[in-house]
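Labels A, B, C and D are assigned to the chains in the order they are written; within every chain, residues are numbered from 1.
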Amino acid sequence: MSTMLEAALNVRGLSSGYAGAVVVREVNLSIAPGEILAVLGKNGMGKSTLLKAVMGFLPKMSGSVSLGGSEVTRLSPHRVARLGVGYVAQEKALFQDMTVEENLRLAVRRPDFEAALAEVEASFPFLLQRLKQRAGTLSGGEQKMLLMARSLATGAKLLLVDEITEGLQPSVIDRLAGVIRSARERHGTTMLLVEQHLPFALAVADCWAVLDRGEVAETGMASEPDAGRRVLKHMSV
Amino acid sequence: MSRIASLTVGVFTLGLLAGSALAAGDTITIGIPVGLSGANSVVAPSVVQASELAVDEINAKGGILGKKVVLEVADDASGAAGAQKAYDLLIFKKKVDAIVAMETSAARNAGLPIVNRGKIPYIYTSFYEGRSCNPYMYINAWVPEQQVAPIVDYFNKQGAKTFFLIGSDYAFGRGMLAFTKEYIEKNGGKVVGDEYAPMDATDWTAVLAKVKAVNPDAIITSTAGGAPNVTLTKQLRAAGIKVLYGNLAVDEGTARSMGADAEGIYIAGSYFTNIDTPANKSFLAAVEKKFGNDLKTPNELSVPQYEAILAYKAAVEKAGTTEAVKVVPALAEVSVEGPRGTIAMSKQRHAPLTMYLGQVKADGSVSIISSFKDVDPGEQCPKLK
Amino acid sequence: MTEARRLSLILLVALAALVAVAVGPFLLDTYSVNVLTRSLLYAAVALTVDLLWGFLGILTFGQSVFFACGAYAAGLVFTHMDFSGSNALVALGLGVGGALLTAAIVGWLAFWHGASALYASVITLVLPIVATQLLYSGGTFTGSSSGLSGFTSFDLSVEAWFWLAGSFLVVVTTLAFVFVKSDAGRLLVAIRENEQRCKYLGLDTSRLKIVVYLVCAVVAALAGYLYAGYAMVVAPELASFVFGTELVIWTALGGRGTLLGPVFGALIVDYESAQLSGSYPFVWQLIIGVVFVLVIVAFPRGLLPVVFDIPRRLLGWLRPRAARAAVTLSTLDLAETQGVEPGNGPALAVSGVAKRFGSLTVLDAIDFEARAGELVSLVGPNGAGKTTLMRCIADGAERSAGAIVVNGYDIGRKPPEACVALGVGRKFQMANVFETLTVAECLQIARARHARPSLWRRARDLPLPKAAMHVIATTGLDRQLATPAHLLSHGMKQALELSMVLALEPRVLLLDEPTAGLTKTERMQIGSILIDLTRKQGLCVLLVEHDLDFVREISSRVIVLHQGRIVLDGSVEDVVASELVKQVYAGSGHAGIAHETASPDRGSAEAVSSAKREMPV
Amino acid sequence: MIAQTLDIVTTAAILYAVATGLLLVFGVMKIINFAHGGLMTLGGYAALITTQAGLNPWLAIPIAALFGAVAGMAIERLVVRPLYTRPLDAILATWGLSIIIGQLITILFGRGVHFAQSPLSGTLDVLGESYSAYRLALVGIAAALGIGLTALLQGTRLGLETRAVIMNEDLARGLGINSGLVRFATFTLGSALAGAAGALITPLSSVDPAMGVPWLVSAFMLVLVSGASLLSLLAACIVLGGAQVLVATHFSPVLGGLTIAVLAAIILRVRPQGFARD
């Protein structure tokens, strides 16, 4: 059991789901500040539901969620976000009809937008040339990079990222991995990455947890040599 | 206390007793269905005041056949459905002896079948498009035949050859302009256009565009009262159209409230406040005295109401009873001296009227240009005598 | 309570109401009789508003037009052709015919496949505006603003008219009541609740809506016809938007979806307004406005239910609504099964199917066939296009290219309900049932396509095809027949939806993640059922499933979709063996699964992945 | 020819000014505010009070907007908020509100027709065509309104957040945007615009308790065919408003009165998204 009261994210006995369907059951997780946790598992095992529940998009049937020791279980999404949580949804995470800049501005609440842009430059400089371009016209990979850049630019203390690698080219995935690590290096950002892309997950994460039918089936450290195999037996056929 | 004082008190109490004695004896009830709400609610108050004045004067002179006259006012919401409720209320619940009504045509039509069931005398006191006939009904206000001639004749004298007619698309608008057109052409004028806008129209852009296109010598309008009439005038002025402008639907009050925009409009009617007759002067004095600051300026619609109640009194006294069978024919034979002159509803249930042509001045007052004595209503209800 | 008792009870109440109508004129003064005669007719129109809005979910502002239609037919005929027995019939015919025609046009406009509820309301809002304008421009023919009056009509006493209007209202209300409580009537609620599900149960909801709309139009027209005959006057305001909304207001105040509420709402408000509006015209309308807003916001069910609830709460003497539907299930014997005959060739043939959203291609060049008795599993990561493919098979309008043949019939561009008729049955991912209806009612609606529901009776027994019965029995749904669906557990809902789809007697069954969010035992049940369906019943099942263990247990054949294309079509073993599939699952594009062989970032990753840290479980 | 073009342009301008408020509310909240007509009436009376108080008629516009805004705040809090999940009921409730507003005004000011002093009268010469000065002014005002709103939506944080809520409310909330507040602000602004519109039309028409109603249906239909975009609203106003003028001039004003409603209904039938981009 976690004794770290100041855990950046602390989820206790969380159950949630849609219209009577319990998708996430009694989940316990805690991430230390600056730690990166990869939540793995097959489709329909409740990974995305977990994030939505933490953000407050879905009703919590039981359990509690706290950030850095402060309770947020009953808060609405925008309140949670304002406490420094950056959420990157799997689908429809960008305003397609808005420009790159507008997408950034919406997320960035701190006054000095310049600093935010500097952060973007550090991670994905090409975006600075595309500020006036409509986000919808970016390629799939570019959109994912914009998503990453946006969540980092907000200076969020905790990032909840849902399958950022889905359908991406290896090169892009490597690039994202690099950005995530360097961001953690520089700002000590805590992250929860929901992933199906095992190599990526194990490359960037400190530790991992596998969700199976909405329950935490197994957890471990990314550094452990057999991590890959242990995860894999949950992952595929 | 002084003798005089006690004397006055005594007289006063006597008066009270007399009054109560009168009240105790059975009364004659006159029903007033009127548009307290809806389109007519603007003029309704003045109509009610005129009725109250008439009744006061009658009762002050001992009522009708010694019976006290009582008013029952009911809201007809200026429409058919409301009128049905109002007439049911007055005829079957309040059991009125007669109905004197200033209403929209729709309300009147909705009421008539109920009047037929109730079988009571009915006097309609609003000007209208004409040719509404019912065995129980009399009308003492003007119809197109009486209203149109003064304006058209005057415009002809001014050398107007081409006319443009604008109306709201409803019974009165169409009725008035249909007659106007006929009359103009009969008198050698030419109607270069006639346009009808929806009854609630507040945008006259298209119509005015046409007016400007044909640029007539004179315009004659007959819109629904209130908003449409006003918006038309305002937009007409705004569009910079400055030809002769006769308005068949505007009453003195509205004209006054329109201010500068109304200046120069020609209006014809059977009543204006500044008609210079003793009867009118004493009438105005009486309402002024009775209502003081609350007075709603008497007008084309309230004065006939006043006269109609007097006419009913005369008819009942002539018939010596309130029975409809006797009173209804009597209504055709009596005549009353009112602010509009001598009114007798002797022509097929309608009344020959003295009509006036007036023009609105800058200050909103109406100056009477000329008058036309006893203009005949023409063939309205040939089937009824 | 037996069906006969139920109906005779309704009949008894109706008779009581008729008696009340009969004695009315003797107890009421002439004035009230006069006013109420009209109110009774208005109430009949309010009733139609309730049928459309309260039950079918169509908020209509235009019922006034149909009322006016009947009224003007009488007014016009009696004015321009004089009154006579035959002309009275002509007028009646014109009124009803006119109403039907108008309603048909409006229906065609408003209830087309996929029209939104808002759009339907908009059309009913435009209707009275147009109608009133036409009446105004009718000149002397329609009497314009003055309307028509002074025409002669049926020579009846005021009392007779009261009786006529009263019995008309009672009869209409009774019929409506019997109808909405009947099996057919329940369809209205079903459509309001979940129109999509209805379509996928093979019901042509657009047609149903139009039919109900037509009937309501006729009732309103009849009321209008009586009105004109009684009042001997017709005016444009009868058709107006204002009267239209007044009807809605009465319905809302009385209580939408209660039938009696709107009737009393109309009677009381209209009668009272006759009394009070005279004294304080504006205040009265103000009060109505305030109460209306209050009811809409605070008591959307209207006042009648509130009034009934108070004593129920206080004393509990009005026993709560008797547990609905004492329906007994039975197995449909094979003779009566009406499923489509298995056509020659494969049960399902998909060729060159593609689906594009603008430039984005979700499905491309999908080709496969499936035989009867075959259970084909569709697997693949998110966004592979599995659900989209299901949709394309169940709705002809969905796909962008290619052809789909079911039982030898090309589905062409047919809407869902027509595809169902060809033998397609679709179960959605999220359990998709009629939340407020009971299990039994849901099942009855699922059978409606085969067993035409009665317009006045409630079926007491419900024969279901063997497959459906099997599901119900194994899951124990039969013990919860009277339970409203929204009270069921997620698993039970899934089972209910499955049995509803099976009640359609489909040949091709499309199942989208039927086990999502189910417990292990529930999944096992579903699994065995599916096996039974394919092996014994010879259905062709197409199953979207993420749980490959589950797939392995039940499936004879697996199709792997990835990024809109079929990457593999073979046996479970093929799939398990396939490197490609492993890649598809373990990480799009990347070679290697175990992290030893994983991305070059690995090394640096070790650098950042610090020493032991507690991971709570 | 020139005159007709001017008619079309000015008519479109008036419709645009009247409909923007409704559009804003519909765009953000997906509900139709049937109190829009009532709020316009309110604005009209605000203008009346202003001019009667002897203030500059141009002041009437901001003052009317203020009246509308205050009423809007109350309405959003008390009536609209509980109905976000019941759009059809919202239509009814707001319709009820317009009845209430109408009756209150009638009780306070009477049923009579009033006149607010026009800020601008007389005519101007446009290419040799003398044309109502105020109507021409309205074109400018409507343009300013459109540009101003666009600037607000495109240029300010509130505007940005508002657009975000229009496009994808959940995403917006996930980024820390308080959509409830945005809705409140939007409804208030929409009501303010309604009030201003009321003041704007007073010089063209009279001030009476029903003055807003004839405009409601047109505005309502225009908004439905425009979706949530100020640009497509402009298109709708020009096309439908133009059609109205043409029909009224070349056929009959009566048909002209029906043009917008009927055309809009048909457009929506053949192209549900109307003038909006898919």
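Basically, a residue touches a chain if its C-beta (ideal position, glycine included) is under 8 Å from a C-beta of that chain, and two chains touch if they have at least 3 such contacts.
These numbers come from a predicted model, not from an experiment.
**Q** Greatest Cα-centroid separation from chain A: which chain?
**A** Of all the other chains, the one whose centre lies farthest from chain A is B.
**Q** Of the chain pairs C-D and A-D, which one is connected by the greater count of C-beta contacts?
**A** C-D
**Q** Taking the mean of the CA coordinates per chain, how far is chain C from chain D in Å?
**A** 35
**Q** Per the centroid of Cα atoms for each chain, what is the distance between chain A and chain D, given in Å?
**A** Centre separation, chain A to chain D: 43 Å.
**Q** Need the CA-centroid distance for the pair chain B / chain D, whole Å please.
**A** Averaging C-alpha atoms per chain gives centres 38 Å apart.
**Q** When the C-alpha atoms of chain A and chain B are each averaged to a single point, how far apart are the two points in Å?
**A** Roughly 79 Å separates the two chain centres.
**Q** Could you say which residues in chain C touch two or more other chains, in rising order?
**A** Answer for chain C, listing residues that touch two or more other chains: 133, 136-137, 282, 285.
**Q** Residues of chain D that touch two or more other chains: which are they?
**A** Chain D, residues with two or more chain partners: 106, 252, 254, 257.
**Q** Please set out, as single numbers or ranges, the residues of chain A touching at least two other chains.
**A** none
**Q** Please list each pair of chains that are touching.
**A** A-C, A-D, B-C, B-D, C-D
**Q** Where on chain A is chain C touching in the complex?
**A** Its residues touching chain C are 1-4, 17-23, 28-30, 32, 35, 42-45, 90, 163, 165-170, 173-174, 177-178, 181, 184-185, 196-200, 202-207, 209, 214, 216, 219-223, 225, 227-229, 232, 235-237.
**Q** Please output the residues of chain A touching chain D within their complex, sorted ascending.
**A** Residues 55, 57, 76-78, 81-82, 87, 89, 92-98, 102, 105-107, 109.
**Q** Going by the contact rule set out above, which residues of chain B touch chain C in the complex?
**A** Residue positions touching the partner: 36-37, 41, 73-75, 77, 79-82, 84-86, 88-89, 92-93, 104-106, 108-110, 112-114, 117, 129, 132-134, 169-172, 174, 196, 198-199.
**Q** Looking at the complex, which residues from chain D come into contact with chain A?
**A** Per the touch definition, chain D meets chain A at residues 157, 160-161, 163-164, 167-168, 170-179.
**Q** Please output the residues of chain C touching chain D within their complex, sorted ascending.
**A** 59, 109, 112, 114-119, 121-123, 125-126, 129-130, 133, 136-137, 245, 248-249, 252, 282-283, 285-286, 288-290, 292-293, 296-297, 300, 358
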